[in-house]
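Per-chain residue numbering starts at 1, and chain names A, B, C, D and E are given in the order in which the chains are listed.
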Amino acid sequence: MGLIDIFTSLVKIIAVLAYVYGLLWVLGKSSRWVKIAGILVAFGIIQLVITVNIGGSPIFNGFDLGLLFQACSMTMVALGLNLIYGFNGQFSLGQYGFYGIGAYTAADITYRWINGDARGLIVVLSGVIIVGLMIFGLRQIIHRYRGIPVLTQFTLYLVGTILAGIVAVYIGRGIAPAINPLLGTNLVPGALAQGIPLQVVFFLAIICAGVFAAETSFLFGLPVLTLGSDYFGIATLGFTIVVNTLMLNSDTILPFPEMKGGRGMIGIPKLTTWFWAFVFLVLVIVVMRNIIRSSSGRTIMSVREDEVAARAMGVDVADTKLISFMVGSLFAGIGGAIYAHYIGFLSPNTFNFLLSFNPLIIVVFGGLGSMSGTIAATFGWTFFLEGLLRNLLGTMGTDAPTWRYVLYPVTLLVVMLIRPQGLLGTTEWGFLKDILIKPRVKPQVAAPGPIAPAESQQGLD
Amino acid sequence: METTPIQTEPVLTITGLTKFFGGLRAVHNFDLTIQPGQLLGLIGPNGAGKTTIFNMITGLYVPSGGEICFLGETILGQEPFEITRAGIGRTFQNIRLFPNLSVLDNVRIAYHPRAGYSMFDAIFRNSKYEAKERELTEQAQDFLAIFNLENIQNELAKNLPYGEQRRVEIARALACNPQLLLLDEPAAGMNPREIVQLMELIHFVRDRFKLTILLIEHQMRVVMGICEHITVMDFGEVIARGTPKEIQDNPKVIEAYLGKGAAHAA
Amino acid sequence: MRAYKVFSVLALIAMLVAACTPAAAPTAAPTTPPQQTAPTTAPAAPATAPAASSGGTLKVAILAPLSGGQPTFGVSTRDGALLAIKQWNAKGGVLGMQIVTDVEDSQCLPDPAVNAANKVINQDKIHYIIGEVCSAASIPVSDIANAAKVIQMSPTSTNPLVTVDQNGQTKQYIFRACFIDPFQGKVGAKFAVDTLKAKTAFIMYNQSSDYVRGLAEAFEASFTQLGGKIVGKETYTNTDTDFSAILSKVSTASPDLVYLPDYYNIVNLVTKQAKQMGIAAPFMGGDGWDSADLDVAAADGGYYTNHYDPGDTRPEVQNFLKDYGAEYSGKVPDALAALAYDATNLLLTGIQNAGADDTTKVATALQNIKFDAVSGTITYDAQHDPIKSAVVIHVTGGKKEWVATIAP
Amino acid sequence: MQKASVSTTAPTLAHGPKTRLAWVGQGFLLILAVLALYIVVRNLIQDPVQFGQIIIGGLQLGFVYALIALGYTMVYGIVKLINFAHGDVFMVGAFVSFFSVTKFNLESWPAVVFPGLPAAVVVVIGTLTVILLSMIVCTVLAITIERVAYKPLRDAPRIAALITAIGVSFFLEYFGALKFVFTPEFIPYPSPFTVVTFYINNGIQMMVPGKPLPGHVVTFTSIFVIFIVATLLVQFLLQYLVHRTKIGIAMRATSFDKPAARLMGINVDQVISFTFAVGAAFAGLGGVLYAIAYSSIWTQLGILPGLKAFVAAVVGGIGSIPGAFVGALIMGLAENLTMGYISTPMRDAVAFTILILVLLIRPTGLFGEPEKEKA
Amino acid sequence: MLLEVQDLDVYYGAIHALQGISFNVEEGEIVSLIGANGAGKSTTLRTISGLLRPRHGSIKFRDQEITVIPAEKIVSLGISQVPEGRKIFAPLTVKENLDMGAYTRKDPVEIQQSMERVFTSFPRLKERLNQLGGTLSGGEQQMLATARGLMSHPSLLLLDEPSMGLSPILVEEIFRIIQEINAQGTSILLVEQNALMALSIAHRAYVLETGRIVLSGKASDLSQNSQVKSAYLGI
């Protein structure tokens, strides 16, 4: 105890940050096979340090592993927010709402599954698919008849979603009895409630949770994204509060007795392993980077830079905002699913609106518009606040823990005053760097190049 | 395609355009017809409603009344991005580049509607994405080369000097592949040397891309020098139309606008 | 390239294997509940290595919400527990070992509580946890503690699911010092019907507090069962301060009794506003009312169920009140402090009775304990819930008076 | 990227002749409105006393919000910062008055100094002193916060100041919760004067403690009356300050264009500090009144009223002083009506739905200046 | 000597905006700074009025070093700037705008006198005293901005692009008023794009190019200078 713990937790912060840097660096290598090998090694390192015992306990004990899982899920949430705020410029405080939605959705699916009820999976899966199809279909129609006011669009989508939800429930009622016997009961689990089938269900649950969060964000974002930035922030904060209220009343207002409302949902299988956390972390990072470094990503950033100019450049601003909001929420939903199956217990208080400032703090800390900053900041923040600070205060007597939230804001203030642009500013590491295009050597200047005008002529007709 | 067969159909027809801001009448009963290939100037004192007209053509403002037809079809009620994609590009009075993006990205954003791949292609980085993205980037680079901006393509737009920002903005507007280009005071804040270059650029661009151009400008040298036809506005209404010569001699224009200073400016 | 490919494919397979094996091995969080009832398979696990604390000290962790939403509850709990430990150390410790405490902040939230539990179990190798206060934090901690064979003694978590998992299996290493929700609710309902002759009741409860909700639900069930009628039910959250809308409903419904099983801070607010609105019906609540900060003027005429009566002449009670006041500059302990004090004493007595720092033995010892605590003589039932009687206290004329003792 | 400013696009974008299928959305709104009206009217007819009681409760809540919202709206108007610490300044106001009453018996100083004074005068002067002291402490606190946490970040991205605001808010809450500062506990608040309850039954009558009310009647307390008086007074004071005094006009000029204001010789930093100070003074007043009205205080009492007050300020049109007042009343009433007639948990949902609807229909809030044509 | 600028170096971040410029303004003069956009004209004015801080160099006003004095104090010394783009306070009435111009002055009688004096130059403002600044036309706004600058009763008036965005007829009117103000005894430092107009009313002028003074001299001489002619007058 004591100083050694503080020292080791300091070392752990540095090690984790170095690990993150190494992962991003190796992903940035040009050869595909080197990348794959790098990912596998990165996975293996942690798997080793949590498995191999040295002197009675693993190098990374359960405490550190817990922090790692929390950091992974929080990274997804924060990356989603960085996409919405850092890259798209929409000041959102609603990220924790989607985080919570993802957590509860995924937890409900797996909880019911291991308790011999397949309805959770079927209803959510079919609901997610039907709502998705409905949204795509309705979008086509609405785009064809242009000039439909936002409120009308919202009403149509809302009605469509409700209908789709009803259909999904009926599908679930129809199919579930066929599968339920295979699941057994909670005391005598059947074949499908264990082993590999359970892992598959878990995977589906994560995906469903993410998509469900994304679809919710579509419905909510449609009217609200037309508001100006700070107003949007307050509206999304409201969303977090409302989602929290619904969680508190999930067994009274909402028909989910297994969620137990404010008493907290227990008995969620702890399915999150390092494998899943790592896979989804890498997946989220890669997907987000691929979006950012594409034409769609550039339009997302253009909306942040200048909305009016973006419109004039042919960018569908409303659409772009919606897409980034949805993708951001998707990430939050996935993060929530990972979190729920790590902690095994969901309490609405976890998704309290006061805690919903956390991802914002992390994103600003790391640097708006810097993915590396967000990732590094999340790991650093988690290991600092829950690791180092806990060890530090633990050694300072019985009264010290009350100082925790006094030291934390002071640190926050100091960092912000010293580096208001965030720790990394807009710098990116390795893999996440924008590959700069070198000016090609071309002797003739201002002499009309043959390609561009021909192309633009074609476009005219 | 080069020899556009229908010469008679105007590119842009505006009839009875009116706009109120609250109780304030910014534009009243504005009519305008632009023939293909024309270079038309729109002048008038500050607050005459010129930029408001631009904003209505590009869909940023919704008119209180009137009709705007582009290539024979109404564009009223369309979103700004739809209008741009239909073929109307514009620049802004106070330059509106994307300051924290590189010059190349500024131009590539204009290519977005024609990128040829979806976000899903981008997420999976499939061969379609690779090919189209490379093609798009090369196009954008070639395009920048025309404007002599190629060697600054990786600079952030905010770090460029003023004149280059103007050029980038015009290039970006042209990258939208417009048939009609709206230039809002392109010469604002330029010195005489730069203005001469700008006039050459505008001529060059028009011939190169077979464009129709509508221009708002305060610098009489520019307007009188390059426009074939001029419309003069005051208090939201048209007070004169004609060739530069006719306008310079029009007593109504001199009284409302040019004043004795016209002698200085010329 | 070739080497990379081969390596990659191999590693991929390894990864999939790793993914499909249960997380149990590294995380110390087994997902196979049926096995945990077999207590004798313990020795392999590091946590039960008996001589871990041979240095003459015994480490005990206190998990309490010292920051975050409800620091006041955490401070009371910590103070109560620390007082007990100080007294034990003064008497020479337990089994000759001095007790060393590790106070951890757990914020009444699952994440920090789990982190704190992970830290004390995995990093500090502590075998005894006192805490958490809130059930929402105690439940996830209990899963971890039970899996690691660490004794957790929760002073105030009333949710039945702290000591019992969702399948109804008792968690072997988890105990508590307080009543569970159903008991207190039942006692309240019984008193209301039998003694107060209440026919109708109005329930107000805090939807975001596990404890309050549990009591309200239990009361509702018992009260209806005993023939009473619930004429209204309203919820609020812990951040509410204006109850006029709810109270206007109470006023309209004019019930015989208003059941408000919240902590004293909310009780102060509600009863004061009720008095101002002229509501005459008596209020009734649970042990959350027990605090020196209860506004006795506003709550005048109210009843609450409690673990003990401060006016009780038993030496346990009186000594506790005296010692607590001496230790903390004259403060009067609230229910949380009393329960934390009891919980600590129970745990240490359990260790004493077991005769060794071996959690499995301690669990058995606790299971069979009979201990005179501040809140009565405690024995444990099969669900590790204490069997003790409750008292009903009447707030009247600025005093809190005992009116009844109700045995389970 | 850091310009998270209120939308720079023209508000007209949201409207225009996009009338296709507009009836669907309008119908949706109409159904909502009719439903709300139906619920309210039905309950008014069913039980007017309960309705009156709910309205009075809502108004009182609204007045609390109004006193906080003023500070929010002024600060946001001038530095475009959501000052999350404002709610905690309100909390400090309540605590300062608590200590001045319990530790120093400040409410009874006139009785000590001038023993002959009648009791009523003592109470009035004593209470005013307590309030004044809280206001002064809050003012000093707000200026300190502004100087330490916001001023160094004036040229930094706006979000940085927002994060420090959150930091300051946490700091005040948890530093205050330390044993030797305020206390982590919920403490009963001793009112500096006795709160009297009135009821409406053949005119307004005073309730005698211990004596039951004559049946089902509407009641309200003297605090409610004080709230009305104080809030209206503050309203007029602010209107005067902002429109008639030099510093007030300078405030408006600064909020419109800071560099230009500096060129006029206006000390912008002083004006901003002054704005923070005025807002904090009213929050301090609100804190004391709140503590007297609800009589239980702890270090986190400011969070939710602060948040709601900001929402109220946005509903009313941020930057507008009458807007903050009206918005606060709307929020208070809507919350209480929802609690009374729909469902208590849905209170926040209704409050934020109102916010979203108001912003969709009028993007600058009820009293906000409609945006002008951009040059 | 009213204003003396010595070796002024100003940076915007890494950009060296002013590279050691020196010039002066005598009592009663109109001095004009001309140059292309980005030459550093506005930067010079912003530095003089204290909105920007120089890295090196000195600015002396009546032999007092003012580079260390905050912007709001400089106004009370007698330097007043009419900023580029007018920057009037749109939500304030004309009267309130003028009051803000006189913010540093305490004596209400003197302020009233200044206001009367301003109205003789700008009679149109008197008609619109209670109108909101934002509702004025472009020309009226420029008049209001200039009048507001005069309200602090400065001995040196800094005018930044007074002709910007105005029609030629209004430009002439504004320049006539500038001469009028000068005739009443206020020295003027004028920054202008419209070099021809500027040179026609100024006594002396400096030509700026990328942060350096490249030419200086009497206005009448400069307008004959061939270099100036080709670069700035477009002849």
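Simple rule for what comes next: contacts are C-beta pairs under 8 Å (C-beta built on N, C-alpha and C of every residue); 3 or more make two chains touch, one makes a residue touch a chain.
Only a predicted model underlies this, so the values are computations on that prediction, with no experimental measurement involved.
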Minimal step count in the chain contact network, chain C to chain E: 2
B-E or C-D, whichever has more C-beta pairs in contact: C-D
Centre distance in Å when chain A and chain D are each reduced to the mean of their C-alpha atoms: 35
Inter-centroid spacing, chain E versus chain D (mean Cα positions, whole Å): 44
Centroid distance [mean C-alpha coordinates] between chain B and chain A, Å: 41
Multi-chain contact residues (two or more partners), chain D: 1, 9, 17-18, 174, 177, 179, 184, 303, 345, 372
Touching two or more other chains - residue numbers and ranges from chain A: 146-147, 245, 248-249, 305, 308, 354, 369, 402-405
Footprint of chain A on chain C - complex, ascending: 1, 4-5, 7-8, 11-12, 14-15, 18-20, 23, 25-29, 31, 34, 46, 62, 66-69, 71, 74-75, 78, 82, 101-105, 108-112, 114-116, 118-119, 121-124, 135-137, 139-140, 143-144, 148, 159, 161, 165-167, 207-210, 213-214, 235, 237
Touching residues on chain C, where the partner in the complex is chain D: 67, 69, 71-72, 74-75, 207, 234-237, 239, 241-242, 244-249, 251-252, 263-265, 268-269, 272-273, 275-278, 280, 293, 295, 298
For the chain B and chain A complex, residues of the former touching the latter: 1-2, 58-60, 77-82, 84-85, 87, 89-90, 92, 96-102, 104-105, 108-115, 117, 119, 122-125, 129, 133, 136-139, 141-143, 145-148, 150-151, 153-154, 172-174, 176-177, 179, 208-210
Complex interface listing, chain D residues touching chain C: 47, 49-50, 53-54, 56-58, 60-61, 174, 177, 179, 183-188, 195, 197, 199, 207, 209, 212-213, 216-217, 219, 221, 290, 294-296, 298, 300-301, 303-305, 336-337, 339-340, 344-345
Chain B-touching residues of chain A, taken from the complex the two chains share: 146-147, 287, 290-291, 293-299, 301-302, 305-306, 308-318, 323, 369, 426, 436-437, 439-440, 442, 445-446, 448-449, 451-453, 455-461
